[in-house]
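So, here's a batch of structures to check.
You will see chain A twice below: alongside chain B first, and alongside chain C after that.
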Partner chain A sequence: MATITRARVAEGLVAPWVEWERRCPKGRRLLEAGTYALTEGAIAAGCRVFAGYPITPATDIAEYMSKRLPQVGGYYMQCEDELAGMHACAGASLGGLKAMTATSGPGYTLMHDAYGWALTNEIPLVVVDAMRVGPISGITGAPGQGEFYVARYCTHGGNFETIVLSPSSVQEAFWLTIDAFNLSERFRTPVTILTDQVVSDMWEDLFLPDADEHLDFVVPRKHNLMMPFYPLGGADLDVPPNIIGRGTGVCVSAYTHTEEGYDIEEMEAQWAQTYRLVNKIRHHRDQLSRYETIGLEDADVVAVAYGADARTVKTAVLEARRQGLRAGFVRPITLWPFLDELYERDCHYVVCELNYDGQLVREVMRAAPDRAKVHFMGKSAELHTVAEVVAGLQGVARAGRIPELPYIWTEVR
Partner chain B sequence: MNKLAAKYLRPSQIPTKACHGCGIGMIENWILQAIDELGLKQEDVVFGTGIGCVGRQTFATWGGDNFGATHGRALAVATGLKLAQPDKKYLIVVGDGDAAAIGTSHLIHAARRNLGVVVICEDNMGYESTGGQFSPTTPAGYVTNSSPYGMVEPSFDPCDVVKAAGATFVAETTATQWHQTVKIVKRALQNDGFSFVHVRFPCNENFGAYALGTRDTLKNLEWIYEHTQGRKADGGATDFVWETGIKHDASNSRPEFTKLLRDMNARVRAERTAAGAR
Partner chain C sequence: MATTTAAKTRTEILISGFGGQGVIRMGQILGLCAIKQGHRVTMLKSHGTETRGGYVRAQLVISPEYVDSPVVEHADVFVAFSAPAYKKFYDCCSGRILYDPELVETIRADAPERHVAVPATALAKARFNNVLFANMIMLGALTRLAGLDYEAMKRAMLEVIPRFHEQNLAAMDVGYDLPVPV
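The block that comes next holds the complex of A and B.
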């Protein structure tokens, strides 16, 4: 296969892979699916265990993994359910191997049990949720964006922060998966890739760095071989993950724990553990900014969208600008922690997302200077059309409100 | 502290928070005896557990590496761990809730795969840490805090379930049978595959108090022993009988699950090397 040279980075994109692409000149150019890119990204990041349960539209990740992992000395395990899948990933990660699972909404719901265990015990792993329209089984082959908050509050009990990333193209799915693994290692926490049926199933141009090229930006797995196993009360990054099976005497459990990992029922221990779980992420928000913007300098109205939906919304913003509207565009890639700083401009916001209840829009309302100027364009089961979003942007710019459009919901109460 | 506890357990974590007269500590001591007689060291064994009486009382007592999973998921965690650390022995010490109720699907599939772990199901015949509700192993008809008129469901025998699913070693014993239990745990640890050991023990505070009408440890132990013999102290027959001993021994008769995966990987990689693939 011919070696190609490429540098194709969107302007206005802030993400570590802008630099990574420049550092990987040699590779292969393919036409592949998002699920393929997610798989190859994981393998490039050093993932050696996949444990999960097939579900549309994430099934192809399982199938690709079953083929690829044995080739690189890894293990594919098809579990009895998603509970087993994510717990087995946590077990494998505790044993020293990087691990990933992938699912869609109905399976994601079953993973909250394991999320809590992995979060509390600071176990690095990556979970892909390819969202489809719901609630529950919904339409298996239609995109949705219903897990924006569920991914943030991915287990019960509170007292934690989460890292959630969302790609909008096949190429980005590849780089972002490496990034997700890196963050999970550095922050010692499960990281969620919140993608959707369109990005998962879509076939697109994909550049893969050569397999023999050393990817020096991949964060390798390290092992914590001594006490403290849980540095409570601190917020440090890059604490090596704990390992079971090396005779360190580490204790890992579902309970509030001491530095040794012993279960304890004292408030001071609870507060110290909570401090770390929350602040290791809050205190390092500067390391978590990934987003794309257009025209924020002069925009009167800014369209906000993420994932696959951001593709038509971005095209609509460019079209509106061509028509003379001062339109802007924000695509958060890091969904959580929420990037409040992207909404500092005092202007109108049009938030497009694939649900009727309004999830992302509520966070934009909270972050924007004037929540009265935040407008909702909710759609269900299919992407916004460019024409719909252009009409929405024009309506807000001219009359301060979204015009009535079929199948578009604007109420958020 | 006895010599075995000093050798294998964590002084800071024992005695446990178990109730007076609980059988959990006694069974753990017998497990230590089996480990010691096999010459295993702390670093050879990973100790996994779950939630409830057995989980809470045994977690972090083992001097080596420990994990306490969410309720029912100890075997799911162990499946991933065994992939990553295949050379360790895994003692999965759980109660009847973890093994026979909330985690039954993982138990069945671990047995089917012949995952190389030893499950010790310490069964106090109900959910005693939440106050004594019935479980799938509570004898039918008995009174508990959630079956005040007698449990109407039939109970099931987890040994039958794992045997049907493909476990390579299955045994049943009780907290009244010291030497038999030590012998069984030793045999279980020598199987490079899925071993299941069911150990019934008395709960004085709840099952004993509500089902049997006594908090007397010796009386509760005696009730269990009588049911292993089928005969009461007064010579009459018991209402049912528990057959104890080794119920199925096909130790080392088929490959362990993670070995199958490692062998497949070796074959795939050899074929790719032979084909000149990158």
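The block that comes next holds the complex of A and C.
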């Protein structure tokens, strides 16, 4: 955990890349987009297959990948749709290569079937969802945060946990993509990078470590040489993935399966499979904490936001503190599993997110000590402004409620 | 040209016009130049779905420290390349406004001292017989007005733009050499 002090406020960022950055002194500083950083992060993490279908604002990832992957001995495949794209990634991963696909909300919903296959068969891969405002096609070039719950329940049927990470800057998108690949290997599961149109489209200074620098924090692809294929009923981390033609072999099934991968219709097998899929994540939550906080030690009102929206919210918190308010800030980077422990302080919470229906706010209401002190500032298609969030924080600190503001929704039922 | 927000020094630049004028390119050069000089930079770019003709906006924030909010709410410099852009974003600017008088024909009467007319389109037509060089003329004028490092800006331009280096350098000179009110 790195703690720096700026404007006399304690700031903390808890994420593995705080240490990685120190280990990579040499590199280039560029002005590049989030899509570029996501691509280069994937390449640095050892991704050698991209299969997908282009969609704004994730199209540039496909375009960069089509250029970069052949340069590093990888494969780019443009598919007929997103469903095929993610299935192809699952196939590539079963074949022994790290794989990624990228899309936006309309494509992400099409991937649910493939997501289920990868999840239940423990196939590591990474999916980027660059959220735009919806529902469905919405506005192509405007940011939204409507897939908070969709990313948690990224396939049907229940009986699983998911890992979802969200970057808030171009630089963080680079490191977080490496992290997502590492987690997908260690947990043997697909990982979603839930980003948004602003982070993916915006240009920002980006530090890229030199390509010849050995990134020893990258978790390499290993092969499972042990029977059984699926350690059902256990919650062990770091079980190597099953690879076709290597080691034990592999048997892939969408049905509830045995430890050897064969279909089975017995309640005991269902119990064992669920225990594995849920608890390999729940029992290792300590490995999944990534977040940023400011001023939680003395805050009367804490602003909560993630992704690009957290950028303006953070500036607003610093501005509110400058004006004498005891304001705090929580930015969850790991969205799922939800980090309940960030909301233990008994104080007011102002949850800012880019949707009008209220998604993140419902989880904060569940986790916070007093649901009545959790307030909602929903906005859509544009980031909150600093002025809006400062007004919201002041309203809650002084009158216990968010003032009326144009284009801001405060109602959650 | 700097505002202090949350105990930080940041410079905000807003450039807006029509698609095809090189608004994003201009922002990209400014941003890269700042990065080469050791600054942190964010640039939001928004545009309509059209390649040409729709609205385009670049919001740049330059700071010696990491930029939290990338949103320009109080621009130190606003470059208006179209009348709709001038009208729409006038209130986001608390500093100087560079406008192209061929495209922004009427300006507000309340703050003439904040306005600087840069006849970039007319000069591009007259000197290069091509309006595409207007953005580089504007960039030269902005570099001079904002007191930025002109040699560094030229190097950044050469790095960003792949072709027509001589004409683009000449266009930057045209803008840089314009008489600018202090």
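Quick note on the criterion: the second predicted complex is superposed on the first by the 397 of 413 C-alpha atoms of A that agree within 3 Å, B and C clash if a C-alpha of one lies under 4 Å from a C-alpha of the other, contacts with A are read in each partner's own complex, and residues count from 1 in each chain.
Quick note on the criterion: contacts are C-beta pairs under 8 Å (C-beta built on N, C-alpha and C of every residue); 3 or more make two chains touch, one makes a residue touch a chain.
Treat the numbers as computed from the prediction; the structure is a model and nothing was measured.
In the superposition on chain A, contact is made by A:387 with chain C only, not with chain B. Within the superposed three-chain model, A:405 lies out of touch with both chain B and chain C [touch as defined at top]. Look at A:47: by the touch rule set out above, it reaches neither chain B nor chain C.
By the document's definition of touching, of the two partners only chain B reaches A:80; chain C does not. For chain A, the partner with contacts to more residues, out of chain B and chain C, is B. In the superposed pair of complexes, A:141 makes contact with chain C only, with no contact to chain B.
In the superposition on chain A, A:248 makes contact with chain B only, while chain C stays out of contact range.
Across the complex, chain C is touched by residues 6-7, 29-31, 140-141, 198, 201-205, 308, 311-312, 314-316, 318-319, 321-322, 383, 385-387 of chain A. Within the complex formed with chain A, the residues of chain C that make contact are 5-8, 28, 31-32, 35, 39-49, 65, 67-71, 73.
Chain B contributes residues 10, 12-13, 42-43, 46, 51, 56, 59-60, 63-73, 76-85, 88, 105-106, 108-109, 258, 261, 264-265, 268-269, 272, 278 to its touches with chain A in the complex. For chain A in complex with chain B, the touching residues are 49, 51, 70-71, 73-75, 77, 79-81, 83-85, 87-97, 99, 113-114, 116-117, 211-212, 244-255, 260-263.
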